[in-house]
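To keep things simple, chains are lettered A, B, C and D as they appear, and every chain counts its residues starting from 1.
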Amino acid sequence: MYDVKLASILTLGEAIQEFVHDGATMALEGFTHLIPSAAGHEIIRQGRRNLTIIRMTPDLIYDQLIGAGCVSKLIFSWGGNPGVGSLHRLRDAVENDWPRPLELEENAHAGMAAAYAAGASNLPFGILRGYLGSDLPKYNQRIKFIECPFTGERLAAVPAIRPDVTIIHAQKADRKGNVLIWGVVGVQKEAVLAAQRSIVTVEEIVDKLDSPPNAVVLPSWVVSAVCEVKGGAFPSYAQGYYARNNAFYKSWDAISRERESFQAWIERYILGTKDFSEFRQSVGGAAANA
Amino acid sequence: MYDVKLASILTLGEAIQEFVHDGATMALEGFTHLIPSAAGHEIIRQGRRNLTIIRMTPDLIYDQLIGAGCVSKLIFSWGGNPGVGSLHRLRDAVENDWPRPLELEENAHAGMAAAYAAGASNLPFGILRGYLGSDLPKYNQRIKFIECPFTGERLAAVPAIRPDVTIIHAQKADRKGNVLIWGVVGVQKEAVLAAQRSIVTVEEIVDKLDSPPNAVVLPSWVVSAVCEVKGGAFPSYAQGYYARNNAFYKSWDAISRERESFQAWIERYILGTKDFSEFRQSVGGAAANA
Amino acid sequence: MPDQNGYSADEMMTIAAARKLRNGAVCFVGIGLPSAAANVARLTHAPDVVLIYESGPIATKPSVLPLSIGDGELSETAETVVSIPEMFSYWLQGGRIDVGFLGAAQIDRFANINTTVIGNYRKPKTRLPGAGGAPEIAASSKEVLITLRHNKRAFVQKLDFVTSGGYFNGGNSRELMGLPGRGPTAVITDLGILTPDIQTKELTLTSLHPGVSIQQVIEATGWPLRIAPDVGTTPPPSETELQVLRDLNARTARAHAGQA
Amino acid sequence: MPDQNGYSADEMMTIAAARKLRNGAVCFVGIGLPSAAANVARLTHAPDVVLIYESGPIATKPSVLPLSIGDGELSETAETVVSIPEMFSYWLQGGRIDVGFLGAAQIDRFANINTTVIGNYRKPKTRLPGAGGAPEIAASSKEVLITLRHNKRAFVQKLDFVTSGGYFNGGNSRELMGLPGRGPTAVITDLGILTPDIQTKELTLTSLHPGVSIQQVIEATGWPLRIAPDVGTTPPPSETELQVLRDLNARTARAHAGQA
């Protein structure tokens, strides 16, 4: 009745092929740290369409997915190029429907965190003291308010997030597919546990995790696939492996500002490369050092 | 307007004197690991009365508090001598009102965990898929059921636990009063954050915590007092310091079975000693090794 | 103590319970008999079983049986240790558990269990430890295994208190109450194995341990026990199974002698 | 760029904002201007201030300013790093934050702020990053400090979108809505400092930075600005404050040059 349901060790191409389908609801989580950039690129390369993408802090990789036409809906709570400015592809989609209309489901961080935690907990909703006096509930009908059955207080209620597939990047996995994350761990554990399927790209696969006590470990049996992708969070960082490439974040502003320069970049660096390793070589020194 | 609100470094006697008052609602948490035994003894020594004591897993130290007449109400979800059997003083209070009647507010672990988490989160209640078909809600009117505003599902709702004071034992603190815990960390963080005041007894106070990434740390400014009490979890254990004294747990069965032997033990080892260090000497080798 | 078979009834019970736990299952382990059975499974046919204890250890591989649910041995040999709120919300309620492995003080014909009180709740004859994690383990695990010793004090016509739900009044009453998991799939005792009838969900004797008679089981059960038409015989413990269990118990006894 | 005073308006703003953060306060820090001010405070008069960023670091002591809210520098120098759900539930909502330190794209006379959209939400002129943690930082922190540059695009008669609540319509409207914290206590700009009137809660100019005229501030404000009868002058940056800020900015610029 039960098989040993360990994660499959796959190439990233295989994992995206198997677990990310057109029309899927998908979370690529990462809170400025450990952003699954390689996975985002591979989704563009494989030409997925009509995705609903979820993330608290959509940044460059979501800008790329949106600009490349993969996305029909974005569920989020803060969308920007951190420390730099706007996401021009996100703005162009919202403001001008280019390359296609983008539906927004907008939240605040506290609400999304509660919704992910509810998903991981197999609860249909989460509660928070949130959205008090904010206009957000006027535009997001999925934010409701309930009364505490004990005190009568009014609290916000948000429906659980349950993605079809969650993808995260982590520092390492062992050969069985157990995953270890440290540093800014964001909402990654919740995003994986809330999802039907999950892919974890890692900096390296090692014989033994050597995790400290009470570490953030995702056991192999809650992960569908583990893919070794060295530098796979570039231009984000992987604590203990490489630093954030702030220069690339800044350069993205110019690349993404115009449709033409964006499309040329996607053609050249994503569609024109066969995988993340080739991308890193083609994009040059910055990525190569990751 | 703000002072630097660091924890005070006090003796345990001083901390109990200052923060535990007659009639208080108090949680001494610890899930078989790091049980704040020294603090429990000191409360008996100082003769507190009419306490409402909260704990998921009341064991020897709550048996002692109950038998010593300190307690009027117990809020709990599993009460026993782990691996040994009953808590005879708890049973005698429930079955025979000795030494005084004991009101029970009984829960399941999942409900108490949700209630502590709600307390730590400053929410008036927590929700869970819990108590389905159990008789517990018939006897605990504070367990209610609510409907999910999105799916209509029926879920249990439990009121937040907000103790007047929480006491825990931890491995170490630094000189500012920042506390580090590892191993079985139970519900201790939540119990401290849910409380108005908190006391943490520690194995040692060190210059530097040297905590691993993402460790369970309670910052000094959420703790009222830190007290160095070497071996303070005896007969429970402190991972990295000493093992569980299973022999003492077994011997408690005989000590506590009869009122007379229990009272003699309390007189001799608790009321007859001035502090935990003297208790450890008087109770002999087992405690001395802790 | 081994009897004339060369093994004791308790040993047969633990080994029969261990066999029910398949390799690769994620098992939420109760302390006591379930913990012994789960670890025997791990040390014999199910090396990849994932053992989780409610105190927080995930994928623990203790070399001795824990006396308490949160022994240091459990956390030291685990892949990680999570907090209690996380254990109950993300792991148990989250639907990550294949098998909940429980003991009980009392059980009824529909595998509902009582670990709370004997007699009246307000004026009990015996106050038991209480629910602990059991109600939600019984509700949320994909299936439940129960192991306890077989006698009329334990196998009762009517529970004094329903701590944790099995099949309630039988039939589809569990589904109607909305419990996520499918419920108990076997009750393993020192006399035999009971499994729920596929329709009525009433516990039915389906296997007798070697040397035990149907009459013995009927007499140890507080309700008119249903017997399967094709009741089988539990294979006796293998030499390996016995050896593993006895070694485990011997290591455990040495470790728990304590420091007195 | 330093002007004729020997310091720039932005430097004055950051230092004036830093001074509002008292030693020992637990501060939930927004990225950008608030982060600069909070770290200047920590490096000058408030060595025991506890800085928390929404990405998880608690009691972080970065040697350079983070470019993103979750830079490695923040987690490496923190006492611990918690998950996002824990940060928002146990720490912010839990009532552990003394001061929420926020920036804004737009602000109104009652210190409500907009970081969501300029123009119509459905068909925006400018789509801004959105709420992030701000609505609950503004609601749950015991008090809120806001810092932003002073001009008519930012200081508007009516917000296009209320992302995070200040005093709503003034008076006791914040209390009536049940927000736990007391709300914004100061708005620090590059021209001066505004504080809410004790009764009406309307922002009132209470301090002018050196060399700035009341008229300048009025002209940079999109509503008829109230001026305190006893409007003061902000003490200019001390040599130490300027040195600390400039060193911090220089270290930051070097660190963020990146690896291109």
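We take it that a contact is a pair of C-beta atoms (placed from the backbone, for glycine too) under 8 Å apart; a residue touches a chain by one contact, two chains touch by 3 or more.
None of these values were measured; they are calculated from a predicted model.
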Quick check: more C-beta contact pairs in A-D or A-C? A-D
Hey, how far is the Cα centre of chain A from the one of chain C, in Å? 41
What is the distance, in whole Å, between the centres of chain A and chain D, each centre taken as the mean of its C-alpha atoms? 28
Averaging only over C-alpha atoms, locate the centres of chain C and chain D and give their separation in whole Å. 57
Out of chain A, which residues touch more than one other chain, so two or more? 117, 122-123, 128-129, 153, 183, 185, 189-190, 213-216, 239
Flagged in chain D as touching 2+ other chains are 75, 81, 89, 93, 140, 180
Of all possible chain pairs, which ones touch? A-B, A-C, A-D, B-C, B-D
Give every residue of chain B touching chain D within the complex, in rising order. 1-5, 117, 120-123, 178, 189-190, 193, 209, 211, 213-217, 219, 221-222
Complex contacts: residues of chain A adjacent to chain B: 122-125, 127-129, 142, 144, 146, 148-151, 153, 155, 157, 159, 182-183, 185, 212-216, 239
In the complex of these two chains, what residues of chain C are touching chain B? 31-32, 54-57, 66-72, 74-76, 81, 83-85, 87-89, 92-93, 112, 116, 121, 123-136, 139-140, 161-165, 168, 174, 177-180, 256-260
Which chain C residues qualify as touching chain A in the complex? 22-26, 48, 50, 58-59, 75, 79-82, 89-90, 93-96, 98, 140, 180
Under the touch definition given earlier, write down the residues of chain A that touch chain D in their complex. 31-33, 56-57, 76-80, 82-84, 86, 90-91, 94-95, 106-110, 113-114, 116-117, 128-136, 139, 153-154, 183-187, 189-190, 216, 237, 239, 243-251, 285-286, 289
